[in-house]
Amino acid sequence: MKRKLIAMGLLMGSLNTWAYQEAPSLTTLVNKGELPSVDKRLPDNPMVITPLNEVGKYGGIWRRIEPNYQFHEWSNEPLVTLDDKQEYVPNLAESFELSADKRTYRFTLRKGMKWSDGEPFDTEDVDFWYNNLELNSDLEPSVKSLFSSGGEPAKLKIIDKQTFELTYKEANPNFIEMHLRSTMEFRLPQSPKHYLKDYLPGFVSDSELEKKVSDAGMTDWRQLFHNRWNTRANTNPDLPVLYTWVYNTDPQELQQQAIRNPYYWKVDTAGNQLPYINGMSWPLTAEPQVRILKALAGEVDMDRISKLTSDFTALKKGEKQGKYKTRMMELDDHANMLVLFPNQDYDGEDKEVQRLMRSKTFRQALSIGIDRDTLNQILGIGLSTPAQSVILPSSPGGSVETSSAYTKTDLAKANEMLDALGLTERDNEKYRLGKDGKNLTFLVHFQAGRKISEEGAILLKADMDKLGLRFIMRSDEKSYFEQIRRGGDYQMVLHNNTSGLNPLFGANNYFPVMSANNFAPKQSAYYLSSGQSGVKLTPEMATLAKYYEELLNEADKKVFAKKVNEVMKLHAENLWAIGLLRYTASPAVVSNRMKNVPKKLYSVYKSPFYHNKEQYYISE
Amino acid sequence: MLQYILRRCLISIPTLIIISIVSFILIQLPPGDFVDAYISERLIVDGSINDVDALRASIQAELGISDSMIVNYFNWISGFPKGDFGYSFQHQKPVSDLIWGKLGLTFLITFVTLVFTLITAFITGIISAMKPYTLFDYIVSFFGFLGLAVPNFLLALLLMYLSLDWFGTPFSGLFSPEYLNAPWSMDKLWDALSHIWIPVIVVGTAGTASQIRIMRATMMDELHKPYVDTARSKGLPTYKVILKYPVRHAVTPLASTIGWQLPELVSGSAIVAIVLSLPTTGPYLLQALQGQDMYLAGTFLMMLAVLTIIGTLLSDIILALLDPRIRLS
Amino acid sequence: MNDNTTPLVEVEGLQMHFSMKGGAFSRRAGVIKAVDGVDFKIFPNETFGLVGESGCGKTTVGRAILKAMQPTSGKVIYNSKNGGKIDLVPMTNKELRPFRQEIQMIFQDPYSSLSPRMTVQQILEEPLRLAGHADKEYLYEQAKEMIQQVGLRSSHLMRYPHAFSGGQRQRIGIARSLITRPRFIVADEAVSALDVSVQAQILEILAELKNKFNLSYLFISHDLSVVKYLCDRVGVMYLGRIVEVAPTDILFKTPLHPYTEALMHAIPDINERQIRSDILAGEIPDAANPPSGCAFHNRCKYAKDKCQSETPKLREFTDTFNGKEIFRQSACHFVEEIYYK
Amino acid sequence: MTSTNTTVPDFSEADLEKQQKGNDIFYASKKRLMWLRFKQHKVALFSAIMIILFYFVAIFAHFFSVQDINKFSAKYTYVSPTEIHFVDNEGDFTWPYIKNITRRLNMETLEFEYTTGEETYPIKLFHRGYSYMFLGLFESNLHLIGVDDGGVLFLMGSDKLGRDIFSKVVHGARISLSIGLIGVFLSLIFGTILGGISGFYGGRTDTLIQRVIEILMSFPSIPLWMALAASLPPQWSPLVVYFMITLILSLIGWTGIARVVRGIVMRLKEEKYTEAALLSGASNFYIIRKHLLPGATSFIIAQATLSIPAMIIAETSLSFLGIGLRPPVVSWGVLLQEAQSVTVIANNPWVLYPALFVIAVVLFFNFLGDGLRDAADPYMNRA
Amino acid sequence: MRKKLLEYKNVAAQFNTIEGQTNTLNDIDLTIYEGMSLGIVGESGCGKSVTARLPIRLLPEPMFKITNGDVIYHRDDKPFDVLSVKQNGKEINRIRGKEISMIFQEPMSSLSPIHTVGSQMRELIMQHSDMSKEQAKEHAINMLERARVPRAREVYDDYTFQLSGGMRQRVMIAMGVSCSPRLLFADEPTTALDVTIQAQILGLIKDIQREENMALVLITHDLAVVANMVDEIAVFYLGYIVEQGTTDQVLKTPKHPYTKALIDSIPTLHTSEALKPIKGSIPDPYTKITGCPFWMRCDKATDQCRQEVPPFFSHENDHKVRCFEA
């Protein structure tokens, strides 16, 4: 009965006659006069969230375990977001419109929205954020791809207090999804003008700024600014934000925490200001082992605990004692956890290696020589799927055929193909000699400390031994591994594919157009620098690059899917990247006291967050 | 005495300078630097950045570092007299804001461990030496050797797991939740001391073994010194003889172990802290080293060395206090 | 070439000063004059005794002559077999090498002076090897002969030093020092560490070998009675200086220096029943801070004002003993007044 | 009764010798004395035998390993140590045999569960198993023990990749034990040379070297290792890294040895027999070669023996932190790194077996070093 | 009649070490009377120090084992068997330092270098009396002055390493007599000292013995030292007393070949006879010797000497000799 009334009230919400409820702790503050009443804190048209199961109760602290530096990632508030069905849902912006030429986005912000310190949030902040921060070459020497097209930054036009337009040079239909998935890059929700301008040259006098910098023990105003802006880590608890919970601990404290944003702009269907949960807390650092132990001890309410599927068992066994449920948290965007990339741009001494890596037959032979089932059994405890390095079959343009091409092990066929390439002679250790009669060695780099890679490397080497191919697996420290990849002179790397849903997010996995491309790094550099550096694109790579440009501007979803499928077919046939296994889910725990938690959990990283985390509540 | 301390301090200065240079070179040895690592990460997130050099220059300017190691070194070292140890790139804070708390806790653990090992070695060493080749002696030396043989990190891991099994909560950290963010007070110190036993046991095991051996050996030597006979010939009861003479003499070599024990303990606490997630220097140093946060790593290394130098100094002073021959000759 | 009137070794103005560094807590520094101008001569086939209490510098003199220490100044003139008179002081280790086999040393401690890792044979052969002999047969023959000379048997050559008693070890030490057929041997407290009965044996051997091999000894000892037994002439040292030199017989009969006199009285004697503790008051002064004038004045019962202010020189005296005229030296201002009254 | 002839016969000796007969201690060399003394130290003797055994097994790692450590098996991940049966179905004692196992994934806990089958496989001695190069000389497939195809023998269980942990331990011993040896060898070279120079020449040289040692010792070793290991050029091959780690360990390890050597050299230099040689015209080189080094050897060996376990522990610690050796290199430290997960300790505790070997070897080395140190100077009581 | 103070009755003792067994003492029969001075003379390893340490049980038991005999201490005319009580027990501690005290050979190592002279003296005085700390200090300074220590009050607060060897031995003596013991053992008190200092110290010991009227046992390897110091002499050889008598008896009319040889082998200052060394050397302590301990070095040894240990014959005026010939 009551719920019905509430539902009716919701319809009248727009009339602004609604009386909202708030958390008891805030009511106390309001009564003391330290905080305006809830109606004055909420925007005129707060975003209404339908609780997953039921309207929750206020209170409690959500004990987490994720490391500190991800706070911004899992707190971010995009302009527009996606729901379960991948439909657009308004968020910061009440509404948005994309122009017919797909170049101009018009966003309308909610009227009366406020930063967590009560200051109003409007297009003035947007202007400051975009023109003074994002396009400030002192802070960002090159414009992020999120805000550029055709080599030029998008133009911001402020229409009024609530409305602004972002105009790209070329058609750019993917901004919404891009800004959703590049949470680290979209920093509007933590860029309040009224606060940050005090630390930016041009807004304060140089001498004043200099004093602030030296008072903080720093030497450059940018050090101070990044510190205030929480750029690389949580360094500033005073920064006003638009988040659900506001970081409010000293960054050096062992136990970090965030408390509710009294000006948070979402309400539930009963008119209760969200979030229900008072705050979050998480340790400054937690070793992988400590995370598991804490989870087992029931000291984590909800979080991903480990990246290793194999940790599931231990967590599962401790459910009763720790009063939690173990769930698999999906990494929906991650296509492949192991991909072998033969470098098409390798131009080193060993021309035989170069010849073979550029041969489609060779790559196909490698692919069918890999025993993916065993890999799956060992690395994914049988829960993974052997797959090529293409997007998920369920994504637009994906298909089972492309995903499973050349994944069936056929040693006889593989050997036959290798023989056909002239690799018939063998040395005294039974390894194949090159066509030139010399020893044939392939050097594969992988990132040290990445368990999947370490174990995968051992298994892969065993498979290659069976083919008579001498693979040397080299583990490299992370920063050096990145350096090798950037240099582009390697033979092969064993790494992952980070783009399973849409080939444009993580385009380096499919197109030779960006840095961090693993199969044609030098051609990518050529493309990226418009011919300034790198190696000219081969025809087949040029084809891929052309597809990329077309997809960037393609707004029609069907055409988009069709073109993606064509790209994937190219990949499945040519195997520039030899995929091994799909990502498996990571074990997570959900405490029995956490309510309104969806069945399906997604990882925070580059995905639509925890679903409506503001409507979770705690009930003992 | 004062003059001696002053002179010892002066002697330490060139040592410190060399240590600072060595520390700095060490952390600069790996190829690439923080800027490189940072750029790499940026490129993974946003692969469309094409002007890497501009990015590098901008970040270098912001961080106030140059390509020249020497310039960076002098920038760093010149701040020391002012208490300015440079800027932490990872934490975006002056190093001086970051290190003291961790060093304090490192010191606390090291100090408590030192006291613990000294007391243990003192008592068991005396008993072992008084009753050599008895069951007690054998048990002590067996456990001593075992302590030496079990790698610290393994012990830490096992204790952590067992504490979950036995007490239902894993041991990690140094404080109860209510004191985590509390300012330092007697209660918090007490709380820390009640948590400190696992790291102390873990770090202390190896050192205790060798100290017991030293104490036992010197006690056995001293027990047969002529002055012990003299003391006995005076008709003093055994306990008075033992405590006043051999024990008093054997304490000196035990005290002199403090000097080299300290670096070992600091090392031990570093690795244990990494396993147990203790907020001491260990994990931060490792993180700083791996992240090539050079000023932070360098300052940590330097401070740890200074800590041990101070330890050696203290141990020398204690020795001088204990032994009039050093003090007066 | 050598007759018994040309000195084999002449020590002239030998000085050995040590600079003293301040200890950890003290900044005290200064110079210890361990040997402060010592002159004496040793003739062929003569045993020259050097006696004095600990810290008087007698051992330092011995080591300086052997060049185990580099003297601060002075000369050590050695009348070598083939090279005539040479001053050892300015010579380098390398230059000294040819003369090493002519000058040897016997050590005090029979335990530390033999390497525990070598057999007796190896120990005995070592000096010969160092002198350039390599023929195994010859080396063995020499070792065998020498071990027999000191009263041990050739079967002992195979043993390690730890199998021997102190006296036997000292014999091995003597054999080692004699194997290169030296002409001059410095024996530093060679019998002090031995038991009374063994001490006598070693003294015997030393005396016999001296005549057999025509040796000269510098015999350093604190024990006047031992010196008396073995030495032809004796020099008495006190605080870095020689205070008296005389042929043994006459020295012990009529000393010409109050210190020698006191020393002799202090030695207990089986045949005497009176402890003479009143003879010498006080203790030996600190070498770093010696008394002014005659260093002995503060313990000397004859001391006068002059002794405090003026350092006495070593003066020559002529005496008659058993009808012969004998030259002797003393460094006392009042020899005439006290002893030739 | 006065003996005036030069030979003073020890004529009591003939009689004495009768009693001493059989007491060969009088003819015993220094080395022999050490050995006699060492033999009395039973624990040390036992440790020495065990250590030799360990090294023997490490050298012939392939022969002693049951399975190829490069062979992994998806069918056998995390198998607990194989149960060896001594009693057949009739209840009679029989030649030890094992039973086959089959795997099933428990979908509830996502855990592999193994059930024992009925097929039996006897454990064979000198079994023909996988083939390998015997010490790099010739191909062989002989192994100490093994079972026929179809059965799997995991003496200490298997790891995540289905590899036999026992075989990995045997292979890991190669690296871990040799790191200790090589590291100590390098430390010995540095330590002996620098300590020797320091003790022999004294003066300023000594002060300088002591200063260097002081500085090195005032660095806490683990942070220093972390810094050094992090500074290894990453492009180096695992083998080079292995040697560099050893070198790093020894760079820090030499200080202890140098101090010992310095002390001994200073003492031996003061020994009168050294002076005797010097006064016979021996050169410095002769003194060092003939008197100082032989005198110091036993102490150095004892000290070195005590340093080896420290190196082994250091290797495991570094590898554990992930800054030392890394898979696919197999060392005990790497094996322990695989065991560092709580999940593993809880579910597959047998992965911790390598730790027992580390502990055992370190214990044995310590006992051995202790025994050697005691035996090093049989004259100690005599002096 | 002299009053017995300490009696050794047929004492035999051994050391059992890893290397073997030594017969350290054999059939020691010795009586010390009140106020007498006795010299025990012998070469190293003859058992003279063990004899001194035995009555106050200062030996490393159980490595040191008494296999036969009794040691009786006569206190208040009540015989007290010192071997019957616990080694470091209360009964022994009552005697140690108070009734029997010792002066050791090396004053350097026999005094702790890290404690002050005062601290080491005071503890002894306070252990055996009811004196307060202050009183004990005054008493100690008094004793130091009696031992002719100059600046006694300052020396009281000095550390022993700051003193010269002679001064240290004076401190030892002052300490040894500070509780007015009835018996003072002086174990080679002057071996480490220079001759001139030796003379001073010997004089001091003799003076103090006379003043305090205590018994003195002076242990030395140097016959000349005892000649000046004691009334009676016991000559030790290989754990046996081979000769015992008044000083004159032993030195002027020695009866045992060893004593004779010993006297002959000492170079003296005032006579000019040739030395007559004893042939051979002292056997290794682990050697088992049958018969007379000296037969191997004795010219007059007979078959009887080789097989039987001679009894300790008493000759005229209590001059005892262990020799068949005498």
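All chains are identified by letter, namely A, B, C, D and E, in their written order; residue positions are counted from 1 within each chain.
As a working rule, a contact is a pair of C-beta atoms (placed from the backbone, for glycine too) under 8 Å apart; a residue touches a chain by one contact, two chains touch by 3 or more.
A quick note: this is a predicted structure, and the numbers were derived from the prediction, not measured.
Trainee: Count the touching C-beta pairs: is A-D or A-B ahead?
Mentor: A-B
Trainee: Using the mean of all protein Cα atoms as the middle point, what chain has its own Cα mean nearest that point?
Mentor: Measuring from the global C-alpha mean, the nearest chain centre belongs to B.
Trainee: So what's the Cα centroid distance for chain A and chain E, whole Å?
Mentor: Each chain reduced to its C-alpha mean, chain A and chain E end up 93 Å apart.
Trainee: Quick one: chain D and chain E, Cα centre-to-centre, how many Å?
Mentor: 53
Trainee: If a residue has to touch 2 or more other chains to count, which residues of chain C qualify?
Mentor: If we look for residues of chain C contacting two or more partner chains, we find 168, 201, 204.
Trainee: Which residue numbers or ranges of chain A touch two or more of the other chains?
Mentor: Residues 289, 293, 296, 477, 480.
Trainee: Give me the residues of chain E that touch two or more other chains.
Mentor: As it turns out, chain E has residues touching two or more other chains at 276-277, 279, 281, 284.
Trainee: Please name which positions on chain D make contact with chain A in the complex.
Mentor: 70-75, 77, 105, 108-112, 160-162, 230, 234-235, 237-238, 322, 326-328, 340-343, 346-347
Trainee: Chain D touches which residues of chain B in the complex?
Mentor: Touch list, chain B to chain D: 15, 18-19, 22-23, 26-27, 29-31, 145-146, 148-154, 157-158, 160-161, 260, 263-264, 266-268, 270-271, 274-275, 281-282, 285-286, 289-290, 297, 300-301, 304-305, 308-309, 312.
Trainee: Given the complex with chain A, which residues does chain B contribute to the contact?
Mentor: 30-32, 36-37, 40-41, 43-51, 54-55, 57-58, 61-64, 84, 87, 90-94, 96-98, 101, 157, 160-161, 164, 168-170, 172-173, 175, 177, 180-181, 274-277, 279, 283, 290, 292
Trainee: Quick check on the complex: what are the chain C residues that touch chain E?
Mentor: 53-54, 165, 167-168, 195-201, 203-204, 222-226, 228-229, 252, 262-281, 283-284
Trainee: Spell out the residues on chain A that touch chain B in their complex, using ranges where they run on.
Mentor: Counting only chain A, the residues touching chain B are 137-138, 141-142, 144-146, 148, 182, 184-185, 216-220, 222-223, 226-227, 231-233, 235, 249-255, 283-287, 289-290, 293-294, 296-297, 299, 321, 477-480, 482-483, 486, 507-508, 513-517, 528-529, 532.
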